[in-house]
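One chain, chain A, appears in both complexes that follow, with chain B as partner in the first and chain C in the second.
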Partner chain A sequence: MSKKILLEHIGVPGIETLAVYREKGGYSSVEKALKTMTPDAIVEEVKKSGLRGRGGAGFPTGMKWSFLAKPEGVARYLVCNADESEPGTFKDRYLMEKIPHALIEGMITSSFALGANTSYIYVRGEYFYIIKILEKAIADAYAAGWLGKNILGTGYDLDLYVQAGAGAYICGEETALLESLEGKRGNPRIKPPFPAIAGLYGCPTVVNNVETIAAVVPIVNNGGDWYAGIGIGRSTGTKLISASGHINKPGVYEIEMGITVEDFIYSDEYCGGIKNGKKLKAVVAGGSSVPILPAEMILTTANGEKRLMSYESLADGGFASGTMLGSGGFIVMDETTSIVQNLHTFARFYHHESCGQCSPCREGTGWMEKILHKILDGHGTLEDVDLLWEIQRKIEGNTICPLGDAAAWPVASAIRHFRHEFEDYVKNAAAIKNVKHYHNMHNLATA
Partner chain B sequence: MSEIKFNDETLALVQSIIKRYPEGKQKSALLPLLHLAQAEFDGWLSAPVMDYVASLLNIKPIEVYEVASFYSMYNLNPVGKCLLEVCRTSSCWLRGANEIVAHIENKLGIKDGETTSDGKFTLKTVECLGSCGTAPMLQIGADFHENLTFEKVDALINDWSNKTEHSKYLDNSTFRKN
Partner chain C sequence: MAKVTIDGQTIEVADGTTILQAARMIGPEVAPPTMCYYSKLKTSGGYCRTCLVEVSKGSEKDPRPMPKLVASCRTTIMDGMEVKNMTSDKVIDARKGVVEFLLLNHPLDCPVCDQAGECQLQDLGYEHGSAKTRTDFKRRTFDKIDIGNKIQLHMTRCILCYRCVKTAEQITDGRVHGVLNRGDASEISTYIEQAIDNDFSGNVIDVCPVGALTDKTFRFKSRVWFTKPVDAHRDCDKCSGKTVVWYKGEDVLRVTGRKDQWGEVEEFICNTCRFDKKKTSDWTIEGPRAISHQSVISANHYTKMVKPRELTLNNIKTIALTEGENK
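Entry: the complex of A and B
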């Protein structure tokens, strides 16, 4: 059964407007929080809820909040990470487009809990049409007294601003995002200090994903225990999954954590099975950076149990046979897909998006893309496959930020589970060259 | 060349944007201002335009150059009136992005990164734009064109052939005046 919490009112006409959102109970968490709760009590509910960061890392949100330093007389900031750029992920865009006030309400309630009087929503620049929607929603919230001075007569002041990015995946890394918000290049910072101590403008800062912030609303409304009762084990609550690739029904689905992967792929309620009646070949379950798994491994754990859509079950077996929930970017590939070609698109992506600060990532991502191009071009050797493996191994863990790992894992998992496909390209190099030659001739003839 | 200066409406908006940040942190307005500059000054950021933005924020020109050259949405060279940005990362590739790129290349007679000789169109392949569930897709200005077919691409190109304005990510109504 689908469980709709964040998307409960998704089909309601006009839910993007303040009036309809309010009719459906919107902004009640702000009333409850500001009038009846202390900031610490809200943090306590979020801790109890077991909510984990929905951007990809899955770090417990309540714990992250409790790390926030509170020196006297120093401003604190809440910054929402809406830089959604992990290939395969489009859930935040969906939520912000369809129910912008859910994010704004979450920002107000969360900012109050953290003692922030100025907060920012950093949106990737490519989503300018979303920025326009958010700006309108924020203007309406100001006009209705949900933002600004002395909200609800409680003496609490909050200003909320949207910041436009300008095209850089790396700005989804929280310290790169803060650099960007300060008007600089998106180079991740060395940690510590963590943003909770020295973040935006050197002040204590919390950075949370859109979906995380939106989840604070039902948690405050219904209590942390209620939220913790949804889901499975330490994967509490619901998760927005962005489903794409060779499926019948691509789109954003809100699932209760703990449904089976099989159900998610094949049920008509979700992906509706593989397109054109083809067979499932592989899945990237949590955005481009998580390990790709072949069909049998994504459906079943190494112990023979059905794999579930949860942090723990998807990670079961480690990288030998498991993967990660990540951002919930669920990319499905049918039996006709070339794993090597797909990997080439990822390698090109990470090369393009490396900020260039750390040499293992800056150089390594370039080399991985080049070697994959060489293999696909019919010039690869078996040694190239080993070299690819060596390069990814030397990037992982050797960079300031996790982009290095994110670039390494897709390569490692593709070789681990589909080495034969790389070898096929190498063994059939002559044939590939002939086909390319034929196409080139053909193009010349028709030019 | 005429003097580089935002129109009065944009200048008022610039002042409003600068107020979004604490005093002395006006450099935070750099990314939004570069977007406004690109939209107002023919779709790209020339050195004089970047110098002008630096002067508005009271920062050094190099602080603008190093940022403008980091982010993929800022064009440091002139582009066609219509900038076609086609996504080709995994999910889009799985659903035919390469064929869409090839179709545009054939139709316009240009390669990725090139501009048509009449200055109308520039083709640029880009990385994941978060439209994976509606792949393949391309972006023109702020508009996402999704679930592309060759017919849809042809219609877009036809449509833009007759336009005289530049494709833009934003205009002065995008940002709220706080």
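Entry: the complex of A and C
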């Protein structure tokens, strides 16, 4: 059974306009929050809802909000992280493009809850058309009195700005985002201090994902307890999943957490099964940085239960047999996929996007890419596979920001679960005149 | 005040002290190596990851160990914290990895590099690295750049510690150099060559842990271990004038700041003292500079040689053996 909260009115013609959005009950959370609730009461509702950060880490939003320092006379900021750059993730783009006012409304309500009078939406530079959509929506909201001075006569002021990034994946890391927003080079900061204490311009700041902020709207409208009743266990509510790869119906789906992975891949309501009747080989469940899992492990957990689409179930078994929900970038691979080639693509991405601040990530990502390229070129040795494992082990956990981990995990999991494929490349090194030939030989798709 | 135990040695330090500072207070045997941290520069450190340590006990209040290794230069101590540096296998393993990463793109041109002999990366590689390389890929290279007419930037050797950027930011006005590009393609650059013109710009040479920034008035003149350092001073209207003057025979080959036991200058000096005063008559000589006997620079002129103690009759104590004592 599908449950739509964020995408409830997705099919309504004109929902991107303020008039239609308002007709469908839009901006009611702002009215409710500003007129009948105190900021603390809203934070309390969000805490009760069990909402967790939808950007990838899954940190409880209410707790994050309650960490925000509130010194007298110092401005506080809410920053929306719309720098959605994780390969395989495109849910925020869909939401902002189709229902921009959902984000604006969430921003107003959340800003009020946090006591912020200036808020920013940091959009990745490649989403230039979305910046136009958001700016139009913000202008309309200003004109209708939802933004600006003295909103709804309650005395609350809020200015909302859209800032375009310049196309760096690293700026999706919250402190790098703040640096970039301040007009500096987008290098992650060394923590502590955390943004909740010293963030944008040294002031207390909360950085939340687009989907998280949009989810605050139904929580304020219907109450935290209502939201906590949806989903399973500590994975409450619904989640937007960007499904891509070898499936019949790629796209963005809103799911209630707790449906089985098998259902999600094979039911006609969602992915609609594997393309051309092929077999499922592997799934990257939460965007390119989370560990890849082979078919049998993604469908069932180590103790034989059906794996569910939830934070806990996907992480069941740790990295030995589990993965992470991450940002919900669900990449499905059929039997014709070469894991090594796919990994090379990921490694090339992380090499390109490393900011170069700390040595393990700066040097290690490039090294891993070169070794993978060597293996694909037919010059690899078995020692190279061991070396790859060693390198990722020395990057993981030793870097300033999570990009090092994000680069290390795909390599680790690919070797852990598909070592035979690497060895096959190495053993057939002489036979590989070119990758295409090798792939035809092994019945793999030629990319 | 807070108590911290590092490698089994306990010390009480002021609140807000970092693990690294506390370790340095205890002594060099527990102090983690550093490549990017520089106590004289604010916000330095955290980049190179050589000073990673294991926190096996968070604090007295919250004794849980920290899940990851932490950069000791940027982590403040908590009361009752227990830290493992050289006693932790995890740390030694990670540090070995960091050395390997740092050397991955670093040219092994020590035989022609002016920094050789006083290079922190050489020391680090010697103490914490492996003897063999595991990579056979081409190293990244850059063209040499002149930063002003006295400083040469050889980016190929750079390990991106950001010290020179922080120096330019904090002790000179109007920084004109910084980091361009990203990842392993990032480079320190002025963007416009020759752009640096500042009285204190020469200090970037002293803070550079490797041979990426070198003194053009000294380049290729001599290996550092053939020169003799002496403490000297002069009246200077720009800086303290306290320097180290490096002699080869009768000639002054170069002038640098005075570096302490951690390889950090005690005071920054101005360009006039550094580049222009190359005559003995410019200086008041204080005496030979104390150099660690482990440094190659001190070859043949140890300052702290301890004579082996001679055995005299008075030193020999009689040992009384009574029956049953040995059992």
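Convention: the second predicted complex is superposed on the first by the 433 of 447 C-alpha atoms of A that agree within 3 Å, B and C clash if a C-alpha of one lies under 4 Å from a C-alpha of the other, contacts with A are read in each partner's own complex, and residues count from 1 in each chain.
By definition in this document, contacts are C-beta pairs under 8 Å (C-beta built on N, C-alpha and C of every residue); 3 or more make two chains touch, one makes a residue touch a chain.
Fair warning: this is a prediction, and the values are worked out from it, not measured in the lab.
Undergrad: Scan A:Ala282 for contacts with chain B and chain C and give back first, second, both or neither.
TA: Neither partner.
Undergrad: Between chain B and chain C, whom does A:Arg185 touch in the aligned arrangement: first, second, both, or neither?
TA: Both partners, chain B and chain C.
Undergrad: Would you sort A:Ala408 into first (chain B), second (chain C), both or neither based on which partner it touches?
TA: neither
Undergrad: Using the touch criterion from the header, give the chain among chain B and chain C with more contacted residues in chain A.
TA: Looking at chain A, the partner in contact with more of its residues is B.
Undergrad: I'd like to know which partner A:Ala168 touches here: chain B for first, chain C for second, both or neither.
TA: both
Undergrad: So in the superposed three-chain picture, is A:His352 touching just chain B, just chain C, both, or none of them (first/second/both/neither)?
TA: It touches chain B and chain C both.
Undergrad: According to the stated criteria, A:Glu363 is in contact with first (chain B), second (chain C), both, or neither; which is it?
TA: second
Undergrad: Determine, under the contact definition given at the top, whether A:Ser244 touches first (chain B), second (chain C), both, or neither.
TA: Only chain B; A:Ser244 stays clear of chain C.
Undergrad: Show me the chain A residues, by the header's touch rule, that chain B contacts in one structure and chain C contacts in the other.
TA: 168, 185, 352-353, 355
Undergrad: Using the touch definition up top, name the residues of chain A that touch chain B in the complex.
TA: Interface residues on the chain A side: 75, 84-90, 93, 118, 124-129, 131-132, 135-136, 138-139, 159, 161-169, 180-186, 201, 242-246, 250-252, 284, 288, 329, 331, 333, 337, 341-342, 345-346, 348-349, 352-353, 355.
Undergrad: Going by the contact rule at the top, pick out the chain B residues touching chain A in the complex.
TA: On the chain B side, the touching residues are 20, 22, 25, 27-32, 34-35, 57, 59, 63, 66-67, 70-74, 88-91, 93-95, 126-135, 139, 141-144, 169-170, 173-176, 178.
Undergrad: Show me the residue ranges of chain A that touch chain C in the complex, using the header's touch definition.
TA: Within the complex, chain A contacts chain C at residues 168, 170, 185, 190, 351-360, 362-367, 370, 387, 393-395, 397-400.
Undergrad: Chain A touches which residues of chain C in the complex?
TA: 45-49, 52, 68-69, 71, 74, 93-94, 97-98, 100-102, 104-105, 134-135, 137, 159-160, 162, 178-179, 181-186
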